[in-house]
Each structure stands twice: as C-alpha cells, then as structure tokens.
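Heads up: the structure comes next, in structure tokens.
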Amino acid sequence: MAETVLETSGLTMRFGGVVASDNVNFKLKHRELRCLIGPNGAGKSTFFKCVTGLLTPSDGHVFMRGQDVTGWMPHQVASLGVGIKTQTPNVMDALSVHENIWLAARRFFDPAEARARTGDVIDRLSLGPIARTDLGQLAHGERQRVELGLVIVTDPWLVLLDEPAAGMSAEDVDRMTEIIHDITRSASVVIVEHDMQFIRSIAETVTVFHQGRVLMEDHVDRVMTDETVRRVYLGKKA
Amino acid sequence: MSLKRREFLGAGAAALATASLLPRAALAADTIKLGSILDTSGIFDAYGKPMDQATRLAVADINAAGGLLGRQVEIIDYDTQSDMALYSQYAQKLTRQDRVDVVHGGILSASREAIRQTMRKTDTLYFYNVQYEGGVCDRNIFVTGVTPTQQVEVLVPYAMKKSGPKVYILAADYNYGQITARWIQKFVEENGGEVVATDFFPLDVSDFGSTITKIQQASPDLVVAPLVGGAHLSFFRQWAAAGMNTKIPLASTTMGVGNEHKVLTSAEGDGIMVAYNYSQELDTPENKAFKEKWKAAYGDTTGIHELAVSTYQGIMLWAEGVKKAGSLEHDAVVEALESGISIVGPAGNIAIDPQTHHAILDVHIMEVEDQKMKVVETLNQVAPVDTQAVCNLQENPDDNMQYEIEI
Amino acid sequence: MDRSAVRDVIVTLVVSAILIGVMPMLISTYTLTVLIIYGMLGLSLGLIWGFGGILCFGQAAFFGLGAYVYAISAVNVGESTLPMILAVLLTAGFAALLGAMMFYGRLTDVYLGVITLVVTLILFKFINSTAGPQYVIGKARMGGFNGIPGFQTLNVPGDPGAYIWGDAYYYVCAVALIIVYLLVTWLLRSSFGRIAIGIRENETRMALIGYDVAARKTVLFAAGAGIAGLAGALYASWAEIVTPTLFSLGQSAEIIIWCIVGGLGTRLGPIVGAAGLAYLKFLLGQQSMIDNTLIMGLVLVIFVLFLPRGLVPAIGALWQVSVGHKVRRRPARRMRRARNG
Amino acid sequence: MDISFVILVEMLYAIASLVLISAGLAVVFGMMKVINLAHGEFMMMGGYATITAVQLGVNVFIAMLIVAPLVVGVIGLIVERLVIRHLYGRLVDTMLATWGLSLVFIGLATMIFGNTTTGISTPIPGFAVGDYQINGYNFFIIVVAILLVVLMYAVLKGTRAGLIARGTMQRSDMAAALGYSPDRIYMATFFCGSALSGLAGAILAPLVGLVPTSGGAYIAKAFITVIAGGPSLIAGLVSSATSFGFVSQVFTFAISPVIGEVALLVAAVILLRLMPQGITSRFFKGKL
C-alpha cells in the first residue's frame, strides 16, 4: 500500500455564518492523480486554499507526508516541495517567461542550476520562441502553460492545480493533459476542475464536493453515472 | 578643542571665499551689504513678512540720511520658506558668496542656532531681532528682542495683583515655553503666590476643550498662557466660547507678538494682560513718525508687530555702531556696540548690554481692549537679568553657547 | 551578464567622476552637498518603492531617525565614526521591526501607507514634545521643537579634531552616494534583487513558489531605511542642527514627489528627481512672485497626469527613439503594476 | 457629578468631530476607492469660504451649512473633471495627484489670504453645568454629526440615488449594468464628498484658527479613521471614530492632549495590525 502524502481531517472553514468547507476528510496517496469536482460554491476552492495555506482553516487539520501543516503560510507549504497553481493565472506580468521560471527554480537551486533547469522546462513545455517575452504580452493559454512551468521546474512531489484548463483551446488542453500525465510519473497531483471532458481524459479517482462536504469519492466512470451527482451537478446539463 | 576647530574652519573658510569671489568683492566695495534671512513664505511668514518690511524701511531710512560712512546700504535677502535646511544654505551663500557685512534675521530659535555657527566661523556680525528664551552667549551675535524675565518679572506681579495668588500656567511645549514657564513659576512664588499646575502643548495642538475643563477643576485665580502660533490661538477662542473669559483673568507673554489680538474679536480678546517692548498704541513722537513712514511705504500699519519693530531697532543699533566705529571692520563694530550704545526707537530707548549683547529696553504692561493693546504701565530700561546670570562676554569673550538658565 | 555588470560599474564611476569635478563650477559645494544627500534619500525610497513595490509614506521618519541617532550619539561620543555607523544600523533595525510587524501582518498598499504615515506622525509628535529638561539621552538634550544643535560633525575617523567640512565634505558625500549606488546596483543584480522584483510583481505567486515574502520585504525595507538613515546622518553633519521638521509629513511628501518626477523603477530617477527639485526649491527662495508650495504641487500633478513614469525613463525612451532601435535592453516599463497594484 | 457630565460631553464632541472630519473622505473612498489627500485642504477652503461669507455679511449658519459646502463642492467638481477622472482605478496615482493638489491649494490660499491666522468667533455662547462652564458650540457639533450620519443613512437606504450608490460600492460595474453612466455617478459622488469636507471645515472654523496649512492637521486623522473603519461606509465611520475618539479622550484627560493624540495613533497601528482590512471587515459585516 502506497504512503499517504496529503491528508485532511475534519477540515472546516467558516466565513461569518457561511460554512464553505464542512468537516472534509481527504486522503491522497503517493503518485495518485485526483480530481475535485462540484458545482460553483461547492467548496472546492476553499478546500484548495486551506490546503495551500492561502486560508487558515477554522477547524481541522492538514497533513503532508505525515507532518501537520495546518495554518502554515503558503511559502512554508511550498517549501516542502509542493507545487501550487491558483485559479487565475498568477504570474509576474512585467517579467519574461525565462525570468518567471528562473525565479521559481532559484528557490531551491543555485543560480547556475536554476538556469539549467529553466532551460529544460522551457524546452519541455515548448516555450522556446517566447522565452524572452514578458508575460503580460502572452495569450491566456500560454500564460497557463508558463505557470505550470513555474510549478514543475522544482520537481515537486505534490502538485496542486486549480482549474489548469480553464479558458484554454482544445489544442492547449491536449498539451496540458500530456504535461499532467508527465508530472504523475514522479508526483501526486490534485486538480480542481470544471471541464468534464478534460477530467475524463486524465482522471482515475474523483472527489465530488457539494455544499462544502464531500458528496462521494470514486472512479471517474462511476461518478459520472451516479444519480446523486448527476442531480446536484450534472443535472443542470441533462 | 572648540578653539582649535574654529581656527581650522576660519582659515579654510576665508581661503575658500577669497579664492572664489575676489573679483566680485572688489567690484561691489561701493555699497555696504546687509544680509537678511527671514521666512517670508511658509507657515512662519506672518512673523517674517513684517520683519522683512521693517528691514527695508530701516535701510531706506539710513540711505535717506546719507548712508553709512558715506556709502549706501544694499539689502541681500533670501526667503527661507519656513524650512530649516534652507537657513543653512542661504547663510553659507550670504557669508561665503555674497560676503555681506552684517546679517539680520532668523525667527525661530532653531533657525538662529542653524546659522549662528556659520556666522561666527566667517566673522560675519549677526543680529537676532526676536523675542526668545534667552541664554545665548556669543560675542558675534546681538539680540534686540525681549527675554522672558524682562516680560515676566513685570507682568506676573501686575496680573497677580489684579487677580489672586493661585496661578495656572499653559505654555507652548518648546524651549521658549519651558523656560518662560519656569520664570513664571519663580516670580509667582516670589510674589507670594502658588502655581497650581503647568501644562505644555506642542505647537500643533489646537483643541483645548479638555484643558479648559481641567483648569476649571483646579479653579485658579489667574491663567498665564505663553502659547505660541496659529494653532494655540484657538485656546483664547475656545476659552471665550466656554464663557471663561469673564470668570478667570488671562495673562500672556506671547499673545500679540504676531498681532494675534487683531484676529480675535474684542469679545474674545478684551482683558488679556500682556507685556511687551512695543505696542502700536504707544503715544510717543518716535512711534508716530515710524507708523507714518510705514504707512507711506506699505499703505497701512496693520502689519506692524513687536518683531518688526525689534528688527527696525536692531538695524538702527547696528548703524549706530558702524557710525561710532567709523569702520565696517568686525571687531571695531563689536567694540563700538559694546560701549553702551543706544538709540530711541519706536518702542522707546533701547541700549545694548555689553555683558550679554542683549538689549536693555522699556517694557510696557498692556491690556487688550477692542483689538488694541492699551498701555497701562511702563517700566523703563529693564535689563535681561536672566541672560546676565549666565553670560559675561566681557570676562569670557570666547564663550560660544546657549545656556540653559538655572532658576 | 558579468560583463555588463563590469561595464555598468565603469560607466557609473566615469560619469560620476566627471560630475563631481564639473558641478562645483556651477553650484557652490555647500549646496551641492545637500543635493547629494537628498539624492541618497531619494534613492532609498526608490529602492523600497520602485523595486520592492512598498509605498512608504514615512521615509522621512528614517531620515530623521538617522539624523537624530547621529546627533545624540555624537554629543555623547564626541567623535563621528561610531555615530555614523549607529545611525545606519539603528535606523535599519527600527525599520526591520516595523517592517516585520507590517509584512507578517499581511498589510498591503493603502494600509501600509497608513501605518508608515502614522509611525512618522508618532515620531514627530514625540520628538516635538521633548523640550523639557527631563528628556535627556546621555549628555544630549532632546530639545523638542528647537532640535539639537552643536554636536560633533564629521571628522577623520579616530581624530575628533580633524573636521571634514566644506569641499572635503562634499567629496565625502559624493563618494558615499556612489558607493551606495553601486551597492544598490549589486543588490538588484543579485538573486535577492531579482526575487524582490518578482515579489513586487506578484506577491502571491512568489509565496506559492516558496519564498518567504514577508521576510524578504522586511530585509529590503530595512536596507532602504538604512540608506535613508545614512543620508540623515550626513545631513545632520552638514546642517549642524537637527530639528523635528526632519520627520514631518511635508518632508515625506517631498521624497515621494522626487521619486515620481525622477522615475520610479530606475536607480537614477529618484536621485535626479531629488537633486533637481531640491535645487529648484533653492532657486525659488530667491524670488517672491509665486508661492513655492504651489509650484511643487503643480509639478507633482502634472507629472502624475502626463508623465507618470517620470523623467529618467521618458528621456531614456526618447534616446532610444532618436538613436534607433538598436538598444537591446528592454525599456524601463516595469513599474505600472507595482504603483497601482 | 458635574465633572463626569462635562467629560462625557467632551468625549462625544471628540467622536463627533472625528465623524465630521472623516465623512467626506469616507464617501469618496467608499464609493470610488479614491483616497483624496487634498481632503484637508478642502476643509481649509470650507473654512475660508465661511469666514469670507461672514465678512461679507452672510449669516454665520447659512455660511457654514450652505455656502461652504456649495463652494467646496463646486471646487471638488472642477478637480474631478480636470484631474481625478483621468486616474480612476489607479489608487496610488490618485493619492499622489491629490497630494499635489493639496499643495496647490495651500499655495493658492497663501497667495489670496496670507499666512496670518484668521477666524470668526463661535456663534453659540457657553453655559454653566453646576460649577463648570461648557462650550456651547460642542453641542452644535455633536448635533450636526448625528444629523449627518442619519442623513447619510437615510439617503443610502431610502432613495434611488442611494440604491445606485450602494450598488456601485458593491460592484463598480453594477451601475453601468443598470444603465447609469459611472462617469456621472463618480462626478456626483465627488461633489458630495467635497461638499461634506467643506461642511466639516466650515463647522470647525469658529473653534480653531485658520491658516492655509490648517488642512494638514486633519488629513492624517481622517485618513486613519476611514482606513481603520474598513469597507462599510457608515458603520465603519462611526465605529472607528468612536474607538479613536474614546481612546484619545481617555488619555487626554488622564495625562495630556499630546498623549491623547499619540494614543489615537498607537491605537490605529494596533487596530490595523489585528484587522488589516479595517473594523468592518470583521464586525458589522455587510452593514452600510
């Protein structure tokens, strides 16, 4: 049995009277790829923010590789070797692609090594032609890809992605799928996603959130056919 | 140590100045240069502007009377914009580039201290024509304004006689206020009274509501308020607004220096007791002539205040010294001024005290009445006993500091 | 990269050597000295604000603190070397504490502005109310509103009798500014500087990469404050008096105006802006036609509206246009976000 | 007994004057996310407008309550058209531009009125409470502040303009979606904010002397009060004015006015450290 790399127990987040995340117990195994789905306001993003340290949970605990990281600052979480990508592209707009990725690499490696790794990632993500362009001038899909580059340049063992495929073209999504499969060779991955097409193409186990709670957790095929899930989430489409 | 330093600096400064400015100095030898350094803009310009006007009037008078030593006097003036850093810069410019023969100016004590050493190092005679806290002891400087004892020793007994022995002091929280408050305390006690409390206020405090309540709790017979500047003026207004002005009498050593009594309505200001060297209401031929000249030059006389008159008298004293010395040479003029020289200015007879280089002058006790200062009593030729207690330039001509006067 | 660094240093040294030699022919060294000191003060805010994205309304507080620390310790020590060092270290230390308090509290933009403004006011009010005889540090009377005059000015280290003043002091200050400028250049070229710029651009992202944003901002803040402290100490030694107006909001405002006019996000801009505007103010004092405050205000409004990037970047852009597009370096267009972020 | 009543009045007065000082800034900040650093100078101009009007023979209450707000409101309108509207969405740039404007106004006022302190006397006499005299004008200020808060609440809650205003505060694109030009809303808001600043300056003018630099004494306090208040306009204003007024008066009576001012500032630092987004980001959430 593989080791558990990420675990939450009784994770609860309240905003005033609203419970955005309600007693969530969650476990992720080594090299597992997990998707979190649910309708808007189901609590996926709150859960994500609590895990990454962007929010401090009102109650409950977060463990990474057995270590209690509840209430840590985001930079402390990231320093454990966790790669994080937030919902909206979060990059340094006035800096070039190269500088962006270099800054991420520099956190864990000396300048020379950081430069080498930055070059590698730029090749791997086919960012070569735009390596010297400022992020502010890039298209949405490219920015998403660069941000993924920031995440993987340090070889994280746990990758947390919030809607990596949002607003991307079909071609971009394909490339993203490829990259994510690549990542899972060495790391565990959690993806918060809306795009069902995308989820079908990458996921095995899916966790469904509803009203702040975990509604069900199962293989993607079974989740897709589940009546309750269809009602709360997919039902709108049907 | 300080002597060694001065020699070092003096020699260097002279060398620098001569090297860079020889041609101009030779060229301008036909006029006598009077440097003026005042805040004629910025927050202190209410003090500085009339002083500047008085400077011009004095120099015009001197020139109209044929100048000094057969030469005309020329003013070189800079506006320090109420900025202390500019005092240092313009003082350097006056002494090293313009090479003036004398400097009149400086308003705040801080501005005086910012330029005093520069004047001393470059052997430029310096006149500080402002009422201040006293204690400056430096052979290069002459002070023609009143010091705390000159006002307080006259004002406090008078005010206590009119009111009673329990005194509450409200003072501006800076050097002048602190020292004046201590003199007030001393003279109150000497006159058999008691100071019930002393409160200090930084110059930017303008809300005195709680203070007025506190004063009422202490219920004194008299409030002495050496408060300074525009913000503190609101004390007198709030005091009147609370209806206190008819209950407890007020005395001040500062209200009116910048013509504050003309800003207050007569209902607010009437009855406040003050003591100064000058009042526009002084009924002397010199004052009448002065006011007429001022009116002819500037249209109306509302701007004239204590500091303007001090400036006028300071320049006249300097001119008298130059005449007596028959030269502009620094030490000759200082010696002439130390010979007990005096003039009769708009505020009466004013003489230089050789021991302190401060002024011996008349002090008038006045009461504010209908936005005017009505003279009640005049004390002739009051000496600056506070500074005399710590400073004797006849015995220690090399003295160079501002003493904190122990009381 | 290294070659360009060497070139940068050489250009800096040559240009400044020429300026040091030429300027005294145009302006008296006494005035030049204070322009240099203001330039250093401008640079200190330029570093914090332009490269760290930290808008500090209280840079004058560090300037004043440096000046007061120098004055107080010079009165007590009677020699200038230790006071100079103390002025830098204590000011930087104070800023580190303040910065840690703010940055670990996740305070940003406006809130940061309020705190720095309030701290400046507190210092001003405190120093302003120390006229009483009970406020003494060692041998130094605090003096309240009137300030502290008559302390030991800069001397040759180890020899309190050998004063450095006049022209010599001008050269000392000029060299100090060059050293500080080169240090800032080195800092910005180092990983630390590049990370600081990353933080300016996107704090959240830098935290998610794993950088301790608060710690780094604190260090940068302290470094900028240390430079301001040095400028304050040099100023004290120049003016031979320190007064509470050094802490005033007006002084803080001027520093901000210098940076805006000179150009934020450049090293040179704040220096040029500071020296230029301070000299303008000096010249304006010799006329009485128009109120000087009015002119300063108009300058600021006009720059914000029409030249928000400041003089130095604008001239740089003009230069590039006139020379052609051969220059490979990217133009200094990096500031927009930091200023409005 | 009398003394505690007197102290209570002083405390209410301190709170009321903070509300007055900050109201104009709060409206502009709450609605437009613009920090008007010329706010203090708007107050100063309100003071001068009042004094000039009184000297021209206008009744003092009309001068304070009508002339000053109108004059300053119009000046605000001009400023908004000429400068501010070019800078919407650029928080720091508007702060800098308004700072520049504040210097311009100080310069203009100096050239017109000079730096001599001017003022008018308070139009309401003092009266006695037991052994103590109280400044009657304090009550006027307290009443005006209360009326002002009530009026603001009524306008925001009860009128169509208030509805639009509330919408704009929540989402700045809301008004546009409802078919109102944001440009006109901002113009109107800035006019109201400026008028409030002018009113505050006018009402405080009889108490404190007026010089062109008087505004500087208010802007810091107003700035701190508004920012510490947080996102809710009225609740934020009242809650932070109350906390600061209370703290500063306690220390003023216990020790001295200077310590009172310092206590206010220290309270602001602590408050913002604990609640970085202001009081109403934690309490009174979602209130006006």
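Each chain gets a letter, A, B, C and D, in the order it is written, and its residues are counted from 1.
The definition used in the following text is that a contact is a pair of C-beta atoms (placed from the backbone, for glycine too) under 8 Å apart; a residue touches a chain by one contact, two chains touch by 3 or more.
Computed from a predicted structure; not experimentally measured.
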Other chains in touch with both chain C and chain D: B
Most distant chain from chain C, judged by the mean position of its C-alpha atoms: A
Inter-centroid spacing, chain D versus chain B (mean Cα positions, whole Å): 39
Gap in Å, rounded to a whole number, between the CA centres of chain B and chain A: 74
Whole-Å gap separating chain B and chain C, where each centre is the average of the chain's CA atoms: 36
Centre-of-Cα separation between chain D and chain A, whole angstrom: 47
Where chain B touches two or more other chains, by residue: 41-42, 173, 200, 202, 204
Multi-chain contact sites of chain D, meaning residues that touch two or more partners: 110, 258, 261
Touch relationships between chains, expressed as pairs: A-C, B-C, B-D, C-D
Touch list for chain A against partner chain C, complex: 52, 54, 73-76, 78-79, 84-86, 90-95, 99-100, 102-104, 106-108, 111, 134, 150, 154
Sites on chain D touched by chain B in the complex: 3, 6-7, 10, 13-14, 110, 114-122, 124-128, 131-138, 206-209, 211, 213-214, 217, 249, 252-253, 256-258, 260-261
Of chain B, residues touching chain D in the complex: 41-46, 49, 173, 199-202, 204-214, 216-217, 219, 230-231, 233-234, 237-238, 240-244, 247, 258-260, 263-265, 267-268
Chain C to chain B touching residues, read off their complex: 28, 30-31, 34, 125, 128-129, 131-133, 141, 143-147, 149-150, 160-161, 163, 165-167, 235, 238-241, 243, 245, 281-282, 284-286, 288, 291-293
Residues of chain D that touch chain C when the two form their complex: 35, 83, 86-87, 89-93, 95-97, 99-108, 110-111, 216, 220, 223-224, 227-228, 258, 261-262, 265-266, 268-269, 272-273, 276-277
